[in-house]
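Attaching a single structure in C-alpha cells format; questions to follow.
First chain written, first letter: the chains are A, B, C and D, and each begins at residue 1.
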C-alpha cells in the first residue's frame, strides 16, 4: 500500500508533527509514504519524494513544513500576465490523475485549511480519488473541529509579546495597540488577549466602536492605570469611519503589503481622542513561525495517526477532528461549509477584564 | 456579599489567574473578596486579607500563588514532636467557623487538589458551609475535569527540556533518562514525552519491564540511532527488582528528599544491560514554577469566573470543571472520589514512536 | 547620606537591575535612597518616593523601570499648543534645585542615554550638582562603554524572531524582510542578524544598494535556497531612490507613527526587482520589552553598584562604563560627545554569510 | 588547501556556529573542509566526512555538534576490561598521522577544552602537525580568553530556572537549593545566581560554611522573607563535614552517576539546622543543551572565522581568544596551563545581595 501526503495553504507550527506521525504509523503498518511538495502544486507538477522514518527524524520541534506549501488551487485556472489561460482546471485535474497513477498511490492525505480541504472534498466527490483530510488553520476558524494545531503556539506567542509590551507600556504611560492575526475570526485576538491580560480586545465579529474603546482607556486612567494594552484582530473593522481621517487606498502599487492596517488606524484615533501617547505593534509573521507548543505537537501527532487509520479503514472523504478529548472523524464537506467564528462566551469572559 | 478564596496543596502555574478572575468578576458584581493565606491554615489561624482589583493587578503572568499555600488539612490533628495532640480536628473546625463568622463570609472558593477539595466537600456536607471548588493538580489526575491548569505549562517545560537534552544526547551518543512529575498517573510523562519525541515513555500505570526498554534502545542503535531519550514518571515502578542491584532504603535521615529515585535506578540498569553510556536528569521543581502558558492562564481565568457564578447561583458543594470546550459544574464529592489515570489511547499513540 | 535615582529616555530591560543594585548597595552602606519618577520630569515636578530593599524585592526579572521614564529634558522649554512658553529652562533648573533641596539630596544617579546623560553633564558642570551617570541605550550606540544593558536582550529577541521567520520563509519560498531597531547605528541589525543567520544585513552606516541586495538573493536561489532573510535597521537609507516608487511623506497627520518605513519600501523593491514573493515584519516595541537576559541583569547590577561607589568616592561628573571585563569610570561629557557606530569588523564577519 | 575540523570534550551550545563559520569562511577562500567525527577518536579511526556550505545550512540555532564529540585522548592508552593495553599512545599517534596523510590535510582546527587543546598543543609541538585551536568550555574556566561560547547560554538557562523556582519557593515558604554546573570554578553559579537573584551563592573557590549560610537565611526570615534561593556549584565543598551526617561513598556501583551530590547534602543540613522546609533541584544536563544564545552564536562564529584566518596566516600552535571586544590569538600552551577561577570581584558583587 502507498499513501501520498501534502501540506497546503499558510504554514503552521505542527505540520511536521503530522508528517512525522503519518510516516511512523505507516511504517508500523507496512504502508509506503511519498511526500508531495508544495501542496496541490506538487501533485500537478509531479514534485514527489519518498518519505521514510529517517526523513522525519528530528522534525518534531521544527516549525513550518518539510514538504513546503503553496496556495495553488487546481480548481482555479492559471493565467499569464495578459490574462490568457496557461493551465485550465481540466489540465490540472488531468495532471493530478497522471501523477497519482505514475506513483501508484492508494490514497492521499491532504493537510490544509478551508481551501485545501475544499479541493480534497471535490477531488474525492467528483473524481472519486481516495483522499482523507487533516484540518489546519492557525486562526482556529475551521468548523467541525474544536481546535487546530498552530493555534496554541500562536496564542502563546501573542501572550509572550503582550507580556513584553506591558513593561514598556507601563514605564512610558502609553497605550499599546497590538495587531494580531485573524482575518475573519477573533480567536487569536480574544484568547491571546485574555491570556496576555489585555485591557480591550477587538475582534472581526463585532464592529469597533472607538468611543467605547476610548472610554475604557479613560476609565483606567482615572483609577491610576496610565497605560493600556489594546489587542485588535487584523480583520476587525470600524463601526463607522470617523471624519477626522481619510484612509487612503490600502492596496499599494505592489498589491499586497499592507502594513499599518487597522492597528495603525486605531492607534491614531485613540491618540487623537484621548490625548494619550499611543504606539502600535503589528505582530505579523512571527505568530506562525517557530517551534510548536507541546499541545500543537501532540494534536498534530494525533491527527496524523488518525489520518493513517482513516486510510486503512477506507474512510475516504473524511477528515480527522478533535472533539473534547477525543479524535474523531467528520465528512470533509462539513468542515469547509462554514466559518467557525469566535465563541461569544469567551468574549464575555474577556470583557470582565476590560477597563 | 463577601466571598473568601484560598489556595491549598502544591503550587501550580495558573493559580494567580484564578484569583485575579475571582476578584475581577466579583468587582463587577459588587461582591467583596477576602484572600485567605496559606490554604486551610489561614482559615484556622485567621490569616486573612482583603483583595481588590489593585491587589490582583499584574499577577496574571506570575507563577505560584499570591495567597501562599500549605498542605494543612483541618481533618488531620496536629501533633507535636512527641506525638501529643496540639490541635484536634474539633479545634480546627471550631477555628474555621470562628474565622468565617468574624469576617462575615457568605461563601468560600477553595482552589486545590484531591486533598483540599476533599476538605471542602466535608465542610460543605458536615458543617453546611457554603463552599464551591476550583480543581487544581499539575499532574492532571483529578476526575471530573478534562484538564486542570498547570498541566499544560508543565508539559511545555518538559518538552523544552527534552528538546535541550536531545542535542546533547545526540552529540555524545548517550542514553538520557529524564525523570518527570507524576506520582500516581503518567499524564505528564506521556504527553511531555510524546511532544518531546521521546523514544520510550514509562508511566506509573504500567510496571517497567527493563528488558523491553533495553530492546527498544538496542533496536534504535541497530538502525543507526546511537542516542535515545527515555522519559519516566517519578511514580513508575519496576516490574521486578533485578538481582544486580540492591536498592537501599529510599527515605533518608531527613525523611523527604528523594533524589535519584526511579530515574537513577533505571539509568543504572540500562547502562549495565546495554553497555551504552547513560545519564539521568531529574526535572524536579522547575516543572511547576514560572509563568503559566496561555492555555493555563485562560483555563484558570475561566474557572475563577465560573466559581463566582456558582457562588451567585448558590450552587454550593459544586466545583468548576472543563468538559470539551465548555466550563461546567460537577459535585465536589465526585471530583475527589477517584484518581484519573492516563488515557491508554494516548499511550498507544506514544508507542507508535518507541524505537 | 541620601541619594536620588532617576531613569530617563526609552525604557530598556535591565533598568530595574540598576535600581535594585543601587538600593541594595546603598542599604549596606547606610545610604538612603529616593526614587525620582519619570526621569527629569520627576525632579522638576517633585515626584519622589523613598526606596528601600522591600521596594526592589522581586524586580530583577522585570522589564521596564519601576520608576517610570519620560523624555522630558529640562534644557528644552515647554510650550503649549500655540507655541507659547509654559515653562522656561530657567524655571526647570530652579524647580530641580528646589526638589533637590527639599529632599536634602547629597547626590543623584541619572540612568539614561545620550539625552539624559547630556542633561546630567550640564547640571553637574553648570549648576555644580553632584551627579553620577549610568549609561543606557538599547541601540548600543553610546561612546565610552563596550556595551549597555538592554542590547543583549534585544539581540536575543531579534534572533528568536528570525529563527521563527526562517521556518515560515522556507516553507513558502519567500523573502522575509525584518526591520529591527537602530536609528543611527547598526548594532542590533548586525549582531541580531548574524546570530539569526540572516542572508543580508543592512545598516544605517552604509547606504543600501538594492541591486546588490537583489543579486545576493538571486545567487542564493541559484544554489537552491529559494528563501532569504533580509535584516534591515530602521535607520538604514537607500543609496538612491528608485524611480519605480514615489515615497509619500512619512510623517502622518499624527506626526509619529511611522510603520511601513524602510522595511516595507525595501520589501516592495525586492519583490519588484526579483519577482520573488516578499514579506515584511517590523519587530517594533517587542524588542525593548520583557524580562532581561542574564547578561543584562548582571551588567545593570554591576553598573548600579559602581554608581553608588562613585557617589561614595565623590566622583561626580563620571559614569559607570564597561571596558572588557571590567567596570570602570569615564567622564560624563565624553560619553555623550559622539555616537558609537557599528564596528565594521563585525559587519565584515556578517558579510561572510551573505548569499 | 584542505582543512580538517573536530570537536572534542563535553558538548556546548555554539559548537555548530564554529563549524558553520569555518566552512563558510573557507568556502570564500577556496579552502576545502573535512569534518572529523567524535573528536580525536575520528582522527585515530579515520571517521571523516567532507563538509560544504550545504552541510552547515540551518545548523546555527542547533545545540550540540553535528560532528559528534568524545573524550578520547590519544595520549592515553586504551585498555580492555582486564587492564591490558589494546591501543598504545604510539599506535594512536601513528593512526592520526596516517588519517592526516590519507586525507591530505594542510591543517586542523581543534575545538575543545583543556583536554582537547592540550592534545592539540602536544601534537603541534611534538609531531609538528599544523593545528590551530578554538577554546570551548561551558564552565568558562579556561585561561587566555575572557569568555567561551556556551557559558552565556548556560547562565541564561540557570537564570530562567531560578526565576521559575522563585515563584514556587515563595508560595510554599521554602528554601530552594539549586545545584548548577562548575566542577572547579564558580562562574556559572556566581553569574547565574546573580542574574537569578539568588540569596546565597556557593562556589568551589570558597569552602562552604553551613552556619554562615543558615544565618543568612534566618536573617531573611526575620525581615519577612520566608523563602530563599541557594545556588551551589556542583564542585563546591563543605568547610567541615558536620557530625550529623555520614555521607556514604558517592561513587556507586556504576561509577559515575552521582545525583544528590553537594546540593542534596546542603539541603539536608539547612533543613536540619534552620527547621525550614528545604528542597533541592539539580539542573544537570539541561544547562548544556538547546539552542545557543545570541552571544554564543556570535562568539562561536567569530572564533570559527578567526581559526580559518590563523590557518591562512600559518599561525599554528595558536588559538582564537576573546579579549574585551576583540578576537585575538594566544599560544595553545598558554590556554591550557592553568584554570581560570572565578573573578572574586564578581563574587563580592553577588554578596551585596546575600540575605
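Just so we're on the same page, contacts are C-beta pairs under 8 Å (C-beta built on N, C-alpha and C of every residue); 3 or more make two chains touch, one makes a residue touch a chain.
Quick caveat: nothing in here was measured; it's all calculated off a predicted structure.
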Third chains touching both subunit D and subunit B: none
Shortest walk length in steps over touching chains, subunit A through to subunit D: 2
Reference subunit B; chain at largest CA-centroid distance: C
Averaged-CA centre spacing for the pair subunit C and subunit A, given as whole angstrom: 34
For subunit A paired with subunit B, centre-to-centre distance based on mean C-alpha positions, whole Å: 32
Separation of mean Cα positions, subunit C and subunit B [Å, integer]: 41
Where subunit C touches two or more other chains, by residue: 163, 166
Touch-based graph of the chains, sorted into line, ring, star, complete or other: ring
Which chain pairs touch, all of them: A-B, A-C, B-D, C-D
Touching residues on subunit C, where the partner in the complex is subunit A: 10-11, 13, 15, 38, 62-65, 68-70, 157, 160-161, 163-168, 170-173, 176, 244-245, 252-254, 257, 259-260, 264, 267-268, 271-272, 278-286, 288-290
In the complex, subunit A residues that touch subunit B: 21, 24-25, 28, 57-58, 60-61, 146, 152, 155-156, 158-159, 163, 166, 191-192, 194-197, 225, 291, 293-295, 297-298, 301-302, 305, 323-325, 343, 349, 352-353
